[in-house]
Amino acid sequence: MFIDYSLYILFLPLLAFVIQIFFGKKLPRQGDWVSILAIVSSLVLAVIMFASMISGYDPNFKQEASFTWIDMGEFKIRLGFLVDNLTIIMLLVVTLISTCTHLFSTEYLKGDIRYSRYFAYLGLFTFSMNGIVLANNLISMYMFWELVGVSSYLLIGHWFEKKSAADASKKAFLTNRVGDIGFFIGIMLIYNAIGSFAFGDIFNGVASEMITGTTLTLAGVGLFMGAMGKSSQFPLHIWLPDAMEGPTPVSALMHAATMVAAGVYLAVRIFPILTPDALLVVAYVGGFTALFAASIAITQRDIKKVLAYSTVSQLGYMILAVGTGVYTAAFFHLLTHAMFKANLFYGSGSVIHSMHHALHEKHDHDTDPQDMMNMGGFRKKMPITHWSMFLSTLAIAGVPFFSGFLSKDAILAGTLSFAQHHPQHFLLPVFGFGAALITAFYMFRMMFLTFYGKSQMPELIDDIHESPKIMTGPLVLLGGLSFFIWYTLPYFNFMSSHGWFTDLVVPKDSSVPGNPSADYISKGAHHAHHLAMYLSIAVAFIGIFLSWTFYIKKSLSAEAWSKRLRLLYRWSQNKYYFDENYNKYLYQPTLRLAKKVAWVDWELYDKYFINGFGRLTNLASRVAGKFDYDGIDQVLVDGTAKIANFLGSLLKTVQTGKLQNYVLYVTCGLIILMIIQTF
Amino acid sequence: MPVAEIVFWLVAAFTIISASFVVLNNQLLYSAIALLFSLFGVAGLYIFLWADFIAGIQLIVYIGGINVLIIFGIMLTNKISSVRLSQTNVQQGVGAVIALWLMILISLVISKTPWLQIESSEPSETVSVIGTLLLSKYLLPFEAISLLLLGALIGAALLSREAT
Amino acid sequence: MDQLNNYLYISAILFSLGTFAVMTRRNGIAVLMGVELILNAANINFVAFSRFGGMNMDGHIFSLFVIVLAAAEAAVALAIVINIYNNLHTINVDDAALLKE
Amino acid sequence: MGIVRGEEMVLNIGPQHPATHGVLRLQVKTDGEVVSQITPYMGYLHRCFEKHCENVTYEQVIPFTDRCDYLSSMSMNFGYVVAMEELMDIKVNERVEHIRVTMAELQRIASHLLCTGVFGLDLGAFTPFLWALRDRERILDLFELTCGARLLYNYMWVGGLSHDIPNGFVESTYEFLDYFEPKVDELENILAHNKILVERSADIGVMPKDVAISYGVTGPNLRASGVNWDLRKNDPYSIYDRFEFNVPVGEGIKGTVGDCWDRFYVRILEIRESVKIIRQALASMPKDGDVHQSLPKKLRPPKGSIYSRTETPRGDLGYYIESDGSPIPYRLKMRSPAFTALSVMDEIGAGWLLSDVLAILGSLDIVLGEIDR
Amino acid sequence: MGLLTNKFQDNVIVEKLDKLLSWSRSTSPWFFQFGTACCAIEMMAAAASRHDMMRIGAIPRSSPRQADVMIVAGTVTMKMAIRVKKLYEQMADPKYVIAMGSCATSGGPYWQHGYHVLKGVDIVIPVDVYVPGCPPRPESLIEGMLKLQEQILEERPLTRKMT
Amino acid sequence: MVKYFADIYNSTTAILSGMYLTINHLFRAKKGIATLQYPEERWPRPERTIGFEHGSYNVIRSRLHVDIDDCIGCLKCERACPVDCIKIETEKSPNRGEDIKDINHIGITSNSTKKALVVTRFDIDMSECCYCNLCTYPCPEECIFMTGGPNESRHSIDYEFSEPERTDLIYHFSKPGTKDGLQEMLNNREAEA
Amino acid sequence: MTVDFIYNFLNDLLPGFLGNDLLLILAMLLPFFALFGFITIYGFGVIYAELKVSSFIQDKTGPMGQGYGFHAGKWGLLQPVADGLHLFFKEDIIPATADRPLFILAPFLIFIGMFVGIIAIPFGEAIIISDMNIGIFYILGIGSLAVIALILAGWSSNNKWALYGGMRSAAQIISYEIPAGLSLIVVILLASSLSMQEIISYQSGGIFNWIIFDNPFMPIAFIIFFISALAETNRTPFDLPESESELVAGFVTEYSGARYAFFFLSEYVNMFVISAVAATAFLGGWQSPFPNFLNTPAWSVFWMISKAFFLVFVMIWVRWTVPRLRVDQLMHLCWKVFIPIGLFNIFGVSIWTVLRG
């Protein structure tokens, strides 16, 4: 049943995509109902799968189905599908968020010129994301990985008339490619050593030491590079904020909940083969990204940019958790983050939507509807949006009794315990807690600027309205899911003996010999749990308090502080000049190098070496030709030909040019042969 | 003589008579039609040889394909308005003698050779066996023949294109 | 009908008839028909040997290949014949003797 | 297809062929299926109309005009009486004018119905043809109610009509129109937007504007080429200037302007316009009025000549009448619209496939009666 | 049919067979659409929905080879007369001709001054039934067809003629 | 590519909609059938009761009929006929308005006109007639008319008169033997005189 | 019914009445006579249906048996009989310029081609004349005889219209055999057999087990097969070879009397054969649409015939709805639409089969 259902979940969106892309425009309502029907069916199936997983819980549940894709004798590639607890939860998340996005988009993109195409691409994306989730081997995962890249490219560039959108989609695509090269190298390293792409075979192979040491580390880091690209980790983080050029529901679906989570998912999947060195790389990259992105988010004015950097930061958290070994916590955070971050994006979409309408009423086309400095005081006007966003903000800030608190706490506990065991890596918890502090601060900054205080553009406030029901529906749903209670549901499930949601995924031991066992890690984390909890609560409340003083009470002036920390402020505001630096130190030198190389190739190599060689050859051939003609040709060849000519003129009489005669000769010959043979 | 035997000899006679009609008739179209009957007879012989799949292939490829092609060819290369499409022969006398000799010799060989005959029973299923063989033992020839067909296709298309 | 020889005789007759056609006919298409007869004769042999050699289907495969070859050959040959007709306005093969000199 | 390459074959389509709409002979040179030249041969239905008219009196000409374009006899009558009235300077009364316009437009609908139906038949759709004929029968019933004849009416006389319309005619006409309008939709649905028919007729046999004008093509064929020329608007006769109607022109909706589909579709649009005109004419028809002008027993037009033209369903119909003062016309010449339409056949028909040639012929809507006269 | 015509003595079986044969012929008079002028339109109308000649078994054929009845509908000109004769000769026996309308019957309106009109199609081919009218109403044509059926039904094709 | 599929889609829908139309006609055959089962039922002839005095003329173009007893031999119909299918010959009657018993000649018409002429020949060749109705208008005695319609009381409608012989389509309306009888009578009178 | 069955039955009925061989011949001939009777009755029925359906579509009544004397029965039920009889006793013209032997051969060749196809069509579990290993293949192969017959008919008439008709029909039939074959291959792929009976037994168990409902690709395959079948039977919208308004009567222009009747009848028999193949391959053959209900031999004959007749009815229905295509459009449809989609279909079904295991 699981395999069947998951196949349906996989292919229904693809079907919707096919229908939409070919017939979408012809269908009533541009066919959005086709996509919605498909995705809702998928959601229902996913819920059924999830329910049956809970009711008959088996920590080691696993089903696999595979078939041979390429069979060339020794070389075989088998593709297949893997369903386990992780997959089922992931499918639920993907289909849930995707459903919300579909519903939200019907209103948000109403009247768009490529409405049906948009839904088609959503279907394609959902298909490929589900494919990543369901893949049981690296190669099909890679295939779906690329498909996700393509559909992300298409969706970010949905409004490709805008140059910024087109550029952003290209940037996202190319940046991802960088990571994917690493990914592919990793895959090939592993295949070279083990001879299979399937996860099961790889884990067994690593456990039996078919691949060890530096190679394994390199392979792990390579695979992790893919995750870095997709989850926009530190050096490759530049694409995600730009990707906010796409429609907001797309940001919610892909750049908050699913696509960027694919990297984390990959990291979680490959965790058992990561060596300690690789894990350290992972942890540092994640931790640094968490703090670094959070520090950018403080100063952003664009509401979506804030959320984008927040996402990068949160993803850094998850990666950090993987790196420190508590990968179930990473997965848990992935889950909760998907819910509240998607909700935040929907909320921001709702705000932008109404801002947009309000500006439209005023015929004001210059003001940026996404700028928080133009908002303020929307609380009364958009109560549903406000409350749901508020709940999610509490969750992301890590306030107790909200989902984010649980997952964040688990991660911080893991980090803390790691640092306790390895004191030289004390920076990791610092990254973690620092990021938590800043997160609470900037998230509430965003809330306060948007919904509280006085309106900063008072002429607009009368035209701000609550969004229609189809948009607030997902908001309410996901806002409700920010409460911690849902993630403890299994605890109240009389059929299950398991407590927290996070326990649904039982950590497994790493396959790499010598890595600490899962039991060891979880014990450590448990040990550090209480300390981490208190610290994180404290940090969260400090952040909130700071934000309150800055933006509500205004006892501290934001302007004054920004002047005081001018350098930092400017760095943060300009994203640490990353794009500029990349441009200056990476792109331009590369281009210059390419030009140099081209010059060398054309001017030097081609002109002198190749042509000179040609001249030399010419000379030699003239000499040879003389010898050839006078010596060989005249005497040897012509002599032979003369003889042949003579013989030919003899045989010419037989050559009548008539087919029938030839056949006659052949048959005669045959008869003679037969007579000789027979008698 | 059992009925089947009579039918066999009838089919054989039918085949050979049609074939000689093909060879001896001077009107091309009649030859083509006679060829059709001859091929039909050969298909009948295949059925006697328990090769029903080959018989079906013979029907489709030879009768539905090659014979129609030949008829088309005849019509394309003659003035349509003239019904009688006669043609001429060369070296008929010599040819007849040699062909007769050939036949006699081959018959002699056949009659003199002690052929090994293995008793076997009619297979219940031929198609699946042929299919399996084609994709296992004879995979390479199968691929080669597909390439050849492709080449022939392209070649025929190229040749019959108008030279513009 | 349960004798290998019968089939071989039939095939021999078909073969010599085909040869006769190829030797005597001037028209290209008639020659082609003769070739088809020869191929059919060969096919009968293949299938007959397969039937009396233990029914092991290899002969069937070969006759299958022959039939496919015949189809390809007929297509190409007719294309050539039509080309010749278009260029020389004849399809008598001995008139198309450009190869002679 | 090139079945028979390089070999030209001469085909004689007609004089007896299901698709020639009568006894026309098209000598067609084909190369395979591609037609390289079309030569229409006429005269298989030459019935000596013009010479006949020099032997009968002016009243007696009318039955012969009927027989020229037997698909639109009313319009042929109309043209003749308009010419005669112009020649003799007769003014007929309002009621007569309204009845004449009603009849002419009903006749236009009937003629176009047959044309569209036959066009479908030429392309292989049998059913719409019979549906069209079924509705045409209703119009013929109306004519029969009025003048007793189904096809050749002899209804419009110089200076009036042969009969007044009967009681109940107006009501039955309204009833017919109400019945008919949905049927036009049905016809359009099964023919005009059928993909196969569109494929068969769109972009086929394109008659560009300048070709149409230089060959003197008139009527729906000209309008389908995008020329807005309708005598009812451009040179109004009778009382056409009083009615609101549009002149549909070909817009190349499915292909190029002036292709077969346009010629076909313009006729369907004209049917709708005619329905409009009939409704207006019926609404504004005076209640009474003598349908006979008091005229001499024998019509003796003054010496002189006249050329008068009217718009029949096929285009401009011109009558040239020369009178020498006797009761018998000295010379009567008819300029028939279908003749010019046929003459353009080679220009637009060559180069297409055989099937297309017949589609083009069908779309030109020729009637041999008036071509050969 | 020529093989069996008039070869048999009159007896019961032959008579029954004769009846069957003439019944089948009279019941399915497939007609050859030979419309030339105005009458052709009325012939179409007779075959169309309102009057539906198919009710009495008359189905239009476009090839003379398969038709039994040739309905000459409309004016036959001198130029066309040759073709009419040719087409009539191409029809297979038994064949019948209906002259529809005045023109086909006697030249009609053109009998006097029509220098190019054949004065009646019976000059070139034998006519079985003349249908009057100019043009005849579809009912008239059907009535003519019924008259023809009546004639056919009384034929005894197999019986040897006593001469 | 999109056009390719759009074409497929378009043709499918167009054909399906056409098929929907035709199947509708098939299943609603009872309601929609327009056929007239001719020999059994006939289309009702339009009834004409229009006001002007031609009301007594029939407008249905069917067979011509002449009430020869009312004919005064004025030749107006012959002159009106565009195709000259009416042939009339007359002889002077010996006495104007006198009945001549021998040849069934009635001297006074129903309109009480006294006849001056005896119609010895009144032939109408219906195979030449062009059914234009022109002859019926000028008749002063209204004795030539197309049958049926309002005249049904006098002569029922008649458009079904196909004949296997062409000569049967020539209708002789003058009473048989009129010409000879009149000649004989005149001869007799001459002889008597 | 297989020959063996009849043979045994006769042997039991008349033990030793005839020699074994004669009995065998009798057992072989009997089903052929039954078949001939069936075809005759079917021919009358289907021609009547065509007349009536077309008439109702066109808002008229069609043959009503009116007319003089003893007319064609109530509602014209005897109309086809009269048509057939009068055709068979008509003069049989062979044009002087025609190629006499081929002119005579063509109608028989086409009729034999159509007729022999029926013997592989199953009407019930045991009601089949010959249950061949390669049944579906055999029908396809024997159908190609028609091509040659049509070419011969067109060519030997020595008439330009006939020649055009023959050439067009040959090109058309050869082309459309490919998409028809492609869509049948899909069926063979699923049923993994060429035998008609096994294809049917694959579909046992009610309407949802029919191949057409087997997977989403099958309706497409069915539609392609059905339209190709229309083309192979030369019916509108593919009736170019005998299109009345273009080629007078196409390849039958010169045929009259009984020979014409053969062409006429063989078209309808071909319709039945193709419909029966479609019913077998896609609609469950003689299987009842209800699982294990109404599945007795008598009912199975009923199901088979009613399914085939339904498809024949659809063919008639289509004929009276649509206009006809042009030659190049016909070829375009075949080579650029049906064959790519058919190939894609094979691909899709293969993947589906693999994924479903």
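A, B, C, D, E, F and G are the chain letters, set down in written order, and residue numbers restart from 1 in every chain.
Criterion: contacts are C-beta pairs under 8 Å (C-beta built on N, C-alpha and C of every residue); 3 or more make two chains touch, one makes a residue touch a chain.
Computed from a prediction, not measured in an experiment: that's the story for all the values here.
Two chain pairs, A-C and E-F, are weighed by contacting C-beta pairs, with E-F ahead. Comparing mean CA positions across the assembly, the chain most remote from subunit A is F. The centroid of the Cα atoms in subunit C and the matching centroid in subunit F are 78 Å apart. Averaging C-alpha coordinates per chain places the centre of subunit D 29 Å away from that of subunit F.
Averaging C-alpha coordinates per chain places the centre of subunit D 45 Å away from that of subunit G. In this assembly, the C-alpha centroid of subunit A lies 62 Å from the C-alpha centroid of subunit B.
Along subunit F, residues 15, 18, 21-22, 33-35, 37-39, 43, 82-83, 130-131 each make contact with two or more other chains. Contact with two or more other chains is made by residues 53, 58, 65, 72, 76, 80, 90-91, 94-95, 98-99, 102, 106, 126 of subunit B. The residues of subunit E that reach two or more other chains are 48-50, 52, 55, 62, 109, 112, 134, 137, 146-147, listed in rising order. Interface of subunit D with subunit F (complex): residues 56, 59-64, 66-67, 127, 134, 137, 141, 144-149, 152, 154, 162-167, 186, 189-190, 193-196, 198-199, 291. Those residues of subunit A that touch subunit F in the complex are listed here as 22-23, 26. Contacts from subunit D toward subunit E in the complex involve residues 15-16, 18, 22-23, 43-48, 51-52, 55, 63-64, 67, 70-71, 114, 129-131, 133-134, 136-137, 140, 150-152, 368-369. By the touch criterion given at the top, residues 2, 5-6, 9 of subunit F touch subunit A in their complex. Across the complex, subunit C meets subunit A through its residues 19, 22-26, 31, 93-94, 97-100.
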